[in-house]
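You will see two complexes here that share chain A, one where it goes with chain B and one where it goes with chain C.
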Partner chain A sequence: MVNNISRYLKIWFKMAGVSMQLETEYRSSFILEILVEIGFFVVTLINIAVIYSNVPLVVGWTKWEAMILMGMYMVFSEIVLGLAFIFNLRTLPDKITKGDLDLILLKPIDSQFQVSLWRPYFASFPSLLSGIVVIFVGFAQSQIRFNIIQFLTFILIFLCGLLIAYSLGIIISSLVFWFINADSLPDLAEEVIFLSGRPSGVFPGFWRYLFLLIIPVIIMVSLPVEVLTGKQSVLWLPFAVIMAAIFLFLSRRFWLFALRHYSSASS
Partner chain B sequence: MSLISVHNLQKFYRVHQKEPGLSGSIKSLFHRKYYDVKAVDGVSFEIGEGELVGFIGPNGAGKTTTLKVLSGLLYPTSGDISVLGYIPWERKPAFQKQFSLVMGQKNQLWWDLPAIESFILNKEIYEVPDDQYKQTLNELVSLLEVEDILKVQVRKLSLGQRMKMELIAALIHSPKILFLDEPTIGLDVVMQKKMREFIKAYNRKFRATIILTSHYMDDVKELCERVIIIDKGRLLFDGRLDEITRKYADHKLISAVFSDHITRADLAKLGTVKEYDLPKAVISVKRAEAPQIAAKLLEKYPIEDLNIEEPQIEDVIREVFTGRDLA
Partner chain C sequence: MKKYMAYFRAMITSHLEYRGALLIWMLIELISVGASVFIWLGIFSSSDQVGTFHVTDIISYYFFLPIIGAFTSASVTDTLPREIRLGSISAEIVKPYNFSYFRLAHCLGSKITQLSLKIPVYLFIGFFLWAFIQAKLNWAMLPFALIFVCLGFLMHFYFDYGLSLLAFWVEDVWSFGLLKRILLLVFGGLAFPLSLVPKSFAWIFDVLPFKFIYYFPIAILQNNISQKEILFSLPQILFWLMFFYIISRLLWSKGLSKYGAYGQ
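Now for the complex of A and B:
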């Protein structure tokens, strides 16, 4: 087990090196990507400023709290996109149509790992950093403080959220095995995960249950931030852990099921 | 002992019928008609250690499908298959570390990086120890003569050079079994020859078991003592290459050089005229009658030289395939 983990880590770092080399190979497009990310960042900041220019509170969040949420969402989505989507799940439909998935299935290394965590994307790193800056600004400007218990709980729930987002990505993207030419399935998965940028208060009644239990985007960003800012209790932790375990398990089963379908139909 | 054993392999692809037009596609959304493509339909064979077997058949015969089942990419519809004692489609890493599948039309190398990067990555994936990696790499690099281009980006290599690199990437973990699906496709004659030499040398040197598919008969003639022929998913022949001629060619070729004129019509009385380019001519005659006809020729016409030959293996195989087509 430990051996296996260290082997996979070693391969991952090797791939990270390869990816870095490939991204800098085309330096101009690498710089362009970074500029795009920064532009994106500025637009979202302006967005917050505009929304709060007229009202002091939106679904119970002050401007600075909203900034913390925003920053956290930037960090979250960049991690998910950079690690699992951009060079990975997004290319799954293409790999299936071109038959490159066959090359993956031949290798003595887990196929799910190869399609979902193979090649990290580094150009999103700057916007991850800017997310952290936004979080710091939010805390500095507001009076919100947290203790160590809240902080640790926050970290753990945040990690659970990452695992859930990853699992949803696997499940939704794997549907492509049944719908040939459904190239946009990974994009759909991303759109679902992007819902996590909203404060949980925007989901009333039925929607709250849907996005807490079935498509648990609330656990990804909103819940950990609410715990960190004292809006919710740290007792949400066991719930988040159980949900992450369930989704991880489901996504694994679903991936293997989808592969089984691929190998017996293979079209 | 056989390393690969295939018993009654069937692989059917389930495809749905597409009806033409918009109404057709809407209908098929709700009511799909399926039918089976019998890609492989009851094939059996055994292959022992160190064998180099040619696996041939016309387009769509089921060669690639069979190789994919053997390497665990496809679940068979039915049949007992064992490769190195494993059930391929369980895809156990211990099994996967012992074979390689090289497909001429598919590449695993990183396009924008030098090939050596892909080799290093495969070293990690296949857990090849450092010294073994170095030794294998050196051997392969010198066998294929690619020292100079190891550090050149793959996209800047020629097709032939790239194929060599693909082979190295596939062999870096010293597989016991090698499935080569059209490894010489698209290569020029000289490069094809080099590839063949390499495959032969690799088979001898490492006692690797190799199954090779190719549409170039030269590949098969030069490399394989044994061939398996399939067509439409069924096995037609499994045996030594020279047995094909004996089994399927019911005729022989008599080629003669005449010192005097002979008309085409006269030759046609004796057999089918294959070539008429005086002073040389070739006629095809029934196998059993070849000696008598040759004697008759020698007796009736002034002849400088006469030979009785087996027909070309290419021709025999073509006849086998087209014969089946008509049946």
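Now for the complex of A and C:
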């Protein structure tokens, strides 16, 4: 098990190096991609500024608390998109249509690893750093303090959220094995994951249960931030761990099940 | 005109083959709009009024947003930059027609297909939200809204087309769509209704053309724009339409002189 993990880590670092070289090959493109990321960061700040110029609180969140949430969401979404989506799951429909999945299945490396984590995207890195800056500004202005237990619980729930987002990405994107011309399924997965940037309080009644238990986007960003800022108890940790384990298991089973429906399109 | 109509019909047939993909895109759009509605309902849970908006106004705004968007959207940046980079436009530029009109027919063809799938769904949703929608809807303003929707689409098309033509000079092609998305999120009214922008910054949003793609037609339908403002805005949208048209023509002629493609 340990040997296997270290083998896959070695492969991932090798591929990360290759990806970095490929991305920086065209410098103007790399700069343009970074500009796009910064653009989305500015949009987020303008959005918060406009909303809070009209109201003092949104479902109990002050402007600076909302900044912490948005900063955390930026870090979360950039990790998920950069690691699993942009160069990986987004290209899955194309790989199936063109029959490139054959090459993946022939390699002595796990196929799910190859389609979902093969090549990381580095242009999202500035956005991730911007997110960290936003979090720091939010904490500095809101005067919120947390203890070590809250911080460790936050880290663990945040990691559980990453695993759930990854699992949802695998499950939704794998539907492409059944639907021809459904290239936008990974985009659908991303849109679902983007719901995680909302405070859990905006989801009323039925929707709260839906986004906590069935499509658990609340666990991804809102819950860890609420634990860190003292809005929720650290006792949510076991729930988050169980949900992450269930979704990881389901996504693995679903991927293997979907693979059985693959019929090569290559010559 | 006949040749553009033939292409327009061919695009409708072609896009109908991708009904599944269109339905997924519609689902994506509904999730995106739903997410905004959740946030705004959360905001209104502690406040009866935000700026000039009541909760009925905001629900009606987000109901109209994807509908207006379905009419005014242009998706040239999704395909043309890649075609330029790969050289696959070579087969098109030797044909005896105006390339921008050809792309316009392409865009309209895909739009008709999208609308045929989207409109029944929106009518279904509208049936449940009718109480919120009709509270602010002014039928007398519908002709003005339609004029601005048509002009907004043409302006958006030439902006999108011009942006795509930058692929003659820039390597990265997929960033263009994202750059446009950023502009529309902030200045078009996708992220928030533009009337909520603080007065000190409002003039920037007002001068730029992007409000005509989403915010302005919705504001007309919601009776938030006076007839006098509409009349003053007409020269503005015509100016931007002409501006993007001329710029795209210049980019096309400059780009074409630089363009080179190899192969069969």
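Keep this in mind: the second predicted complex is superposed on the first by the 262 of 267 C-alpha atoms of A that agree within 3 Å, B and C clash if a C-alpha of one lies under 4 Å from a C-alpha of the other, contacts with A are read in each partner's own complex, and residues count from 1 in each chain.
By our rule, a residue touches a chain if its C-beta (ideal position, glycine included) is under 8 Å from a C-beta of that chain, and two chains touch if they have at least 3 such contacts.
Since the structure is predicted, the reported quantities are computational estimates derived from the model, not experimental observations.
In the superposition on chain A, contact is made by A:108 with chain B only, not with chain C. When the two complexes are overlaid on their common chain A, residue A:14 makes contact with chain B while staying clear of chain C. Using the contact criterion defined above for the overlaid structures, shared-chain residue A:55 touches chain C, although it does not reach chain B.
In the superposed model, more residues of chain A are touched by C than by the other of chain B and chain C. By the touch criterion defined above, A:40 reaches chain C but does not reach chain B. By the document's definition of touching, neither partner reaches A:143: not chain B, not chain C. Of the two partner chains placed around the shared chain by superposition, chain C is the only one that A:203 touches, whereas chain B remains out of contact. In the overlay built on the shared chain, the residue A:100 is in contact with chain B alone; chain C does not reach it. Of the two partner chains placed around the shared chain by superposition, neither chain B nor chain C is touched by A:3.
Interface of chain B with chain A (complex): residues 13-15, 68, 71-75, 89, 91, 93-94, 96-97, 100-101, 103, 106, 108, 110, 112-113, 117, 120-121, 124-127.
Of all the residues in chain A, the ones that touch chain B in their complex are 7, 10-11, 14-15, 18, 21-22, 25, 99-100, 102-103, 105-109, 260, 263-267.
Contacts from chain A toward chain C in the complex involve residues 26, 28-29, 32-33, 35-36, 39-40, 42-43, 46-47, 50-51, 53-55, 57-60, 179-185, 187-188, 191-192, 194-195, 198-199, 201-204, 207. Interface of chain C with chain A (complex): residues 17-18, 20-21, 24-25, 27-28, 31-32, 35, 38-39, 41-43, 45-47, 50-51, 170-172, 175, 178-179, 182, 185-186, 191-192, 196-198.
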